[in-house]
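You will see chain A twice below: alongside chain B first, and alongside chain C after that.
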Partner chain A sequence: MATTKKKSSIKAEELAKEQKQVSVSEFFLKNRHLLGFDNPLKALSTTVKELVDNALDACEEMRVLPEIIIQIKPAGENRFVIVVEDNGPGIVKKQIPNVFARLLYGSKFHSMKQGRGQQGIGVSASVLYGQLTTGKSTKITSRIDPKHKAHYFELNINTLKNEPEIVTDKEIEWMNKDHGTKVELELEGKYQKGKLSVDEYVKQSAISNPHAQFTYISPLKEKVMYRRATKELPKEPKKVKPHPYGVELGMLMRMLKDTSAKTLEKFFTKEFSRVSPNVAKEICKKSNLAQSMKPKEVSHANADAIFKTIQETKLMAPPTDCLSPIGEEILVKSLKKEVDAEFFTSITRPTAVYRGVPFQIEAAIAYGGSLQADNLVRLLRFANKVPLQYQQSACAVTSATVNTLWKNYGMQQSRGALPSGAAMLVVHIASVWVPFTSESKESIAHYPEIIKEIKLALQGCGRLLGRYLSKKRKVADAEKKKSYITKYIPHIGEALKDLLSLKETDEKKVIILLTEELEKSRKM
Partner chain B sequence: MTKEKNKAIELIRDQANNIYQKILKRKKPEMKFPLRSLNNVKYDTKKGFFELIGKHKVRALTVNTVKGFAQTLRMMTLSKQLVGANDIATKREAYYVSKNWGDARFSEQVESDTVLDDIEAMFMLNREQLGFIPEEKGGDIAGELIVVDKDPNTGKEIKIDCTKFGSGAYSIPTSVEQLKFETKAKFILAIETAGMFQRLVKHGYYKKTNCILISMGGVPTRACRRFIRRLSDSKKLPVYAFVDGDFYGWMNIYRTLKVGSGNAAHINEYFCVPKAKLFGITAEDITKYKLPTHPLKDVDIKRGKDALKNDPFVHQHPEWQKAIQDMIKLGKRAEQQALAAWGLNYVMEKYLPDKLKNSKSWLP
Partner chain C sequence: MATTKKKSSIKAEELAKEQKQVSVSEFFLKNRHLLGFDNPLKALSTTVKELVDNALDACEEMRVLPEIIIQIKPAGENRFVIVVEDNGPGIVKKQIPNVFARLLYGSKFHSMKQGRGQQGIGVSASVLYGQLTTGKSTKITSRIDPKHKAHYFELNINTLKNEPEIVTDKEIEWMNKDHGTKVELELEGKYQKGKLSVDEYVKQSAISNPHAQFTYISPLKEKVMYRRATKELPKEPKKVKPHPYGVELGMLMRMLKDTSAKTLEKFFTKEFSRVSPNVAKEICKKSNLAQSMKPKEVSHANADAIFKTIQETKLMAPPTDCLSPIGEEILVKSLKKEVDAEFFTSITRPTAVYRGVPFQIEAAIAYGGSLQADNLVRLLRFANKVPLQYQQSACAVTSATVNTLWKNYGMQQSRGALPSGAAMLVVHIASVWVPFTSESKESIAHYPEIIKEIKLALQGCGRLLGRYLSKKRKVADAEKKKSYITKYIPHIGEALKDLLSLKETDEKKVIILLTEELEKSRKM
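The block that comes next holds the complex of A and B.
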């Protein structure tokens, strides 16, 4: 018996060794679809997206108007070099390797604040993907202020240890740039035009970030400059503590472990929003736990009791002034700049709440002009100002759009489909926590509260569009009828002349009198 | 120019003058048309035809009606020219004439046909009186009849013997008012299909029974109805109709022959044959002669129920109500030629003789 026991324990140790060998790269490769690297086409756009998201977030944190330069250079067959440069605050030297070459390193994971990246997996995943597909290091240049020189790094990820490997580290001159970051990354990818292209991603980003200026150079060396529609920076989103309704059991247990609060009561008031000392006492009492209990001593069973109590306790809705929407006027201005249409409208809904998380919906419609009339409408989806290009059919935005009755607003729509007509629809959800259906963050989960808000926003825009279209139709109708008068009255004159052998003067009289009479009745 | 033609021109001028005077007085001109539908007819068994009950639509000249108004007036002009010059135009020709009217031209013949029908109804005239003739053939005749017509070029009287067409037949002209008849036949048999007509002609049925055979070829044209009416009235001949045993044969073909149509109710008085009786095929015949049948489709049943509900002719005849209900209950229909299942000449040797003997097997 003893020997077998020993044997088995050795086995377990060996197993443990093997388990360690499962490297981060292996994990990454097996799960690349979750992170948006399923195919070369998507890998290219995901990487651009991660880099641009980071650049915009950095600029906004510094409250500086973003100037982003994006260049994609072909580098041999199926290979591209992506260069993204911003004018943000730069990154201090010490942090650069961690930010770019360590997976799941980020400051945003715990934060309850509206921001572009949410999981902190983004940029380093792109670095790893580039490294795995080309073997090339990622080059980072960053400068924090004019007093310092810029730092230049060439980095790899040690895929066994999930640690940065510094290949080059030096100070360099960076002309004409006081502060900012530039990332240069080579990867295997595929470039294509169309709805899912990087071109489109940049264009849509320019729509949802009207305060930013983008310079984009495609692999075909086409240079596009997207100028800003406003010089006003968007309202800075506020960090908020989580609302108790939005916290799941696992999250609650981790918060209990991580907190610096000494008592359970303090834990509730300190770590959550909308929990007053009285409410904290009530939760403790209803869960049969002492207010003075140390949070670290709360057992799994206790946590479960707390979780249930929270759901039954009446709480104020979460604070709603923490979000930063694009804004009705600016969204229209931004659309006018990028879309050639004849009618624009937009609506920003008041903040609403799903499962304790505040969110805000904006919708806009562009109609007519160069937009194609005989196809389904284009639907642009944005989450925290980031364009969502993939998984349209799985998205709550799509269901809400399909389930809106567009016929009421003068558009055509088949059952269960997007409306058709010369229109482009825009839906933006801003939230401290956008509920995506997967890690690649391409479609929004179907919370009834969210769908309801999207529909209300679309209906609001739809009504305005409907009013515009019916007015337009009336004008066209009136024009047509007016042309009827001039077209057909001469025929009446001619027929009467033939029938009654009238003189030409009489015929003219008939035409004049009838024209007057009909014009008069038309005005009435 | 005949009196009748003067009347048409007079009516057209009156209407035009009416419109002209209204325009001069700065009033909205109007045109008034009788509604052309079954809703606007009544049926009196004593009179024997569909009669208008006076529902009208008024077309006032507005921005919305200006096109139709102009087209109607131009069509009236064409009519006046035709009548004045003693000329005729087919409905199709009238449609093509409109192609010279610029913006007021018709884009489809149905449009010009509708305007023509409206004008006819407005003046309560037949289209021939307005100078227009239909495209369709009037119908075919074979049998013991001499038609007295005039040579169109010389005006000389000619006699046409309808037994002398061999395996062919005499065609009813589009206008029949000038015809005279000489006959010793005992009855007229009006047949729906050309196929059945040919069988009876080929086997000399009219000689055996001393009758006049008429092929209607579907719904009888106005000329065909008028021809049968004049012939049967002037020679006091009974008229029997022999059609398919289905609602189309009964209601569209037979009923139109007998009492006219809702669409041209203003002229029904002259273009119908109230004394006609239906030989068959009846629902009773289907059972009695064990005829091969086709099932009634949903549209057929709807047609039957429609007739029960809306057709003033059916309302006046309990026999017809029963016949329609019987067929709906039976769920089957049978064609004339189904009689061939019992032998090709069964129709002449058995069916028609049976019918002639037994007036109780007819429908009114």
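The block that comes next holds the complex of A and C.
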């Protein structure tokens, strides 16, 4: 017993010595697969993706038609230099080191607004990975207008502190560029053609961003220019306040503590969407609290009462104008540009809500043409217009697709599998906060509301495909029947001639008549 | 043009105002699905899992046989209080707030040692979730030996700062407990029976921890006692230093900067496993660097040379004694205790390495008995003895299982699916650092080395199962043949009697002889 006693306290002391804080940089350095850096192939496309996401977001913030240049240059064995340049607003000098060399830093985390980046991790993670695998600094050039020179930085991340280390900081000339940002990053990677390639990533980005122009130069120096399918900028997504239904008790308590509103009534109307002064009064009354109560004085029990009241209060659904889908027409137009098929259809669902967060699903189907008939269908997944290339099996989009009964729409499907046939499926989720299953943002979490909407969108497209296929089949069947009958009409004619002792001319008449009747019945 | 100019710099300034640091608590609060808190059902089992992981790790640190008490008490609509108590070494007072109410804080992150917890996130995330959904503090009681009273804390997390907020802090009596920790946490959750239930989690934990005793009281007040299958503690996992092959250039550069070693030679022998003084000398020589060089003076180019030299230097594989698998025999014993089947087999593979990190795969198969024959097989996944209940489809274990040709071993299997039949498969990965695909630690990343080892383990078990099944089938076939022939022997006898004009006694002799021959051939 004595030994146990000693052992426990000694062990507790020993453990205490080892317990310490881990910086978020160190955490993600060790867990870099969480950020999409599992292997050199994925590292290359993840980095391109993060840089392009930021470039597109920047351009859309400024409402300019994006012109993105992506170049990947080989730099020795298993090494590449990635250069991504945009025509966005640029980044002010002071913020450049933070944006690129500090994890969990950004403008998008706290806002409820549809965007590609949302966590303030992506680009810094790429910088971290480049530094880890090559020891090289990341080079950033950014210019905010023609009146100022461009700023040029070379940056590392101090992982122990999660802070930027500035290696170089100077002003430079940037010819022919009034504003924009260019990032140059060296990393260990692998380039390969195929479904998971950077080439494919850029192509899919062109599909989901029909308003953007991409110039892509692959490591093999192939230059591909993706021209825009439309000169119209997508609708500007609006920031929204949280909807009361999506706020949990603990969050409500924190909001009450943090608000600048002076009264409970003002707190509701100011901090939430869809709470009018009348509704705010109603919530106060039902919770037995004064409208004039100071939010900071609301106790735990009070907050609990408010929380319950909210759940019982009828509220308008979150505003739907905050989202910017691709759009049915433009999605089909964009697909037609990149996919050789004979039938296209697309559906944009109305806005729906998960956990108080508005989201919107779009789906499209391309069928036939050069698409292969004997394989499982290709499923393209997009979130806020960003292609998702990895983790397909873990994604809510895949589950929803697998659990749609494609046989109803004239397609083959084995239990628990994607349908097979000459089709390509496209699913896009637009949301002010896409619930990804990991920081690498490759698959969508299985919220029932999201799965339901995806299924509805796919079913909608499926029905149209089904109708097309059944019509196609009917035409084919009729053609077959016709050709069959056509073949026998002369024999019937001959037989009738013998039977009824017709003249040659009559026989011809009969044949013409029969052929005409056949044609008529075909058209009915 | 003038408007664009203005727009870009104004936009850049606007964006700069919004760019700010996000605390890791805020990050995970918003991204709580990353930590396994997607929905109330999962939140309940994730919390139990995190608490039990910590309890088991604590007991094993101290080398005591774990006695874990798990109780889930209903606390109003959709709310539960979870209580988990262990007999580990306890936690020193000063560290209790940090361990439970600060994310990315712990003893396990920096050590290369097999353990259940590894990131310093899990328990604090549960505290965060409880606070978010119920506004309640988490209660911790901990005692490090009988000489001291127990410490009792009530804690919240300040999410803006990622710091503990101490609500209560006092010394209390803890009857009948010399040392250990008890955590009491209220949260919004959902209790449900089935494969994804807490009940199932505890049962599987009992399978993978045959040395532990679990007392489980469900929300329905059902009490289940899982007794240990062995009184032997598992081999103590040892800490290991990183293996040179697994260290990337950036990491090497940081290690050179941080080391306390005075010379390059000492740096290699001190900071790495499997580098003898001779090998260290060889690396220095091949890299054209002096052994006596100060590590801090190694330049980027030097580090690059060292890195390349390491890849070309022959090194022993990482030490294999650092891992603590369940063990073939004990795994079968443990399975027999919980699963009603007729055939059991298990294989523990030798240690292997991914990215310089040692790991070891174990697999087991239970077949027949009460296991259902007409469904896909049940696949139990474990990582460092922790059951993985969610994200099965995203897991390397699942891919490896699906891509094993089970038809070779007498089982049914559709393309791209798990095999079907009356079997249960078990796969366990033990590693000093399990590469999970997300912080919720529910699925293993697809490292080719890991997938290969899983397949080898499953194939090993599969061959034994195949042999068993083919023997079983042979016996069944022979039985069938025998019964068939037995049925006809009298007729043969009769026919021979007529044909050869035998006597009645001869006929009987023939029948006996034929039956004997048949028996003999069956035994061959």
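Brief remarks follow.
Keep in mind that, in the parts below, the second predicted complex is superposed on the first by the 398 of 524 C-alpha atoms of A that agree within 3 Å, B and C clash if a C-alpha of one lies under 4 Å from a C-alpha of the other, contacts with A are read in each partner's own complex, and residues count from 1 in each chain.
As a convention for this text, a residue touches a chain if its C-beta (ideal position, glycine included) is under 8 Å from a C-beta of that chain, and two chains touch if they have at least 3 such contacts.
This is a predicted model, so every value here is computed, not measured.
Once the two complexes are laid over each other on the shared chain, residue contacts for A:161 go to neither chain B nor chain C.
In the superposed model, more residues of chain A are touched by C than by the other of chain B and chain C. Judged by the touch definition given at the top, the superposed model places A:149 against neither chain B nor chain C. Once the two complexes are overlaid on the shared chain, A:474 sits clear of chain B and of chain C alike. Of the two partner chains, chain B is the only one that A:491 touches; chain C does not reach it. With both structures placed on the common chain, the touch criterion links A:513 to chain B but leaves chain C unconnected. By the touch rule above, chain C contacts chain A in their complex via residues 4-13, 15-16, 18-24, 26-27, 29-31, 33-34, 38, 61-64, 88-92, 94-95, 98-99, 102, 104-107, 109-111, 119-120, 131-135, 144-148, 159, 178-179, 188, 248-251, 253-254, 300, 303-304, 391, 393-394, 414, 416-417, 433, 435-439, 443, 445-447.
Looking at the complex, you find that chain A touches chain B at residues 481, 484-485, 487-489, 491-492, 494-496, 498-500, 502, 509-510, 513-514, 517-518, 521-522. The part of chain B that touches chain A in the complex is made up of residues 12-13, 16-17, 19-20, 23-24, 26, 28, 61-64, 66-67, 69-71, 73-74, 76-77, 80-81, 101-104.
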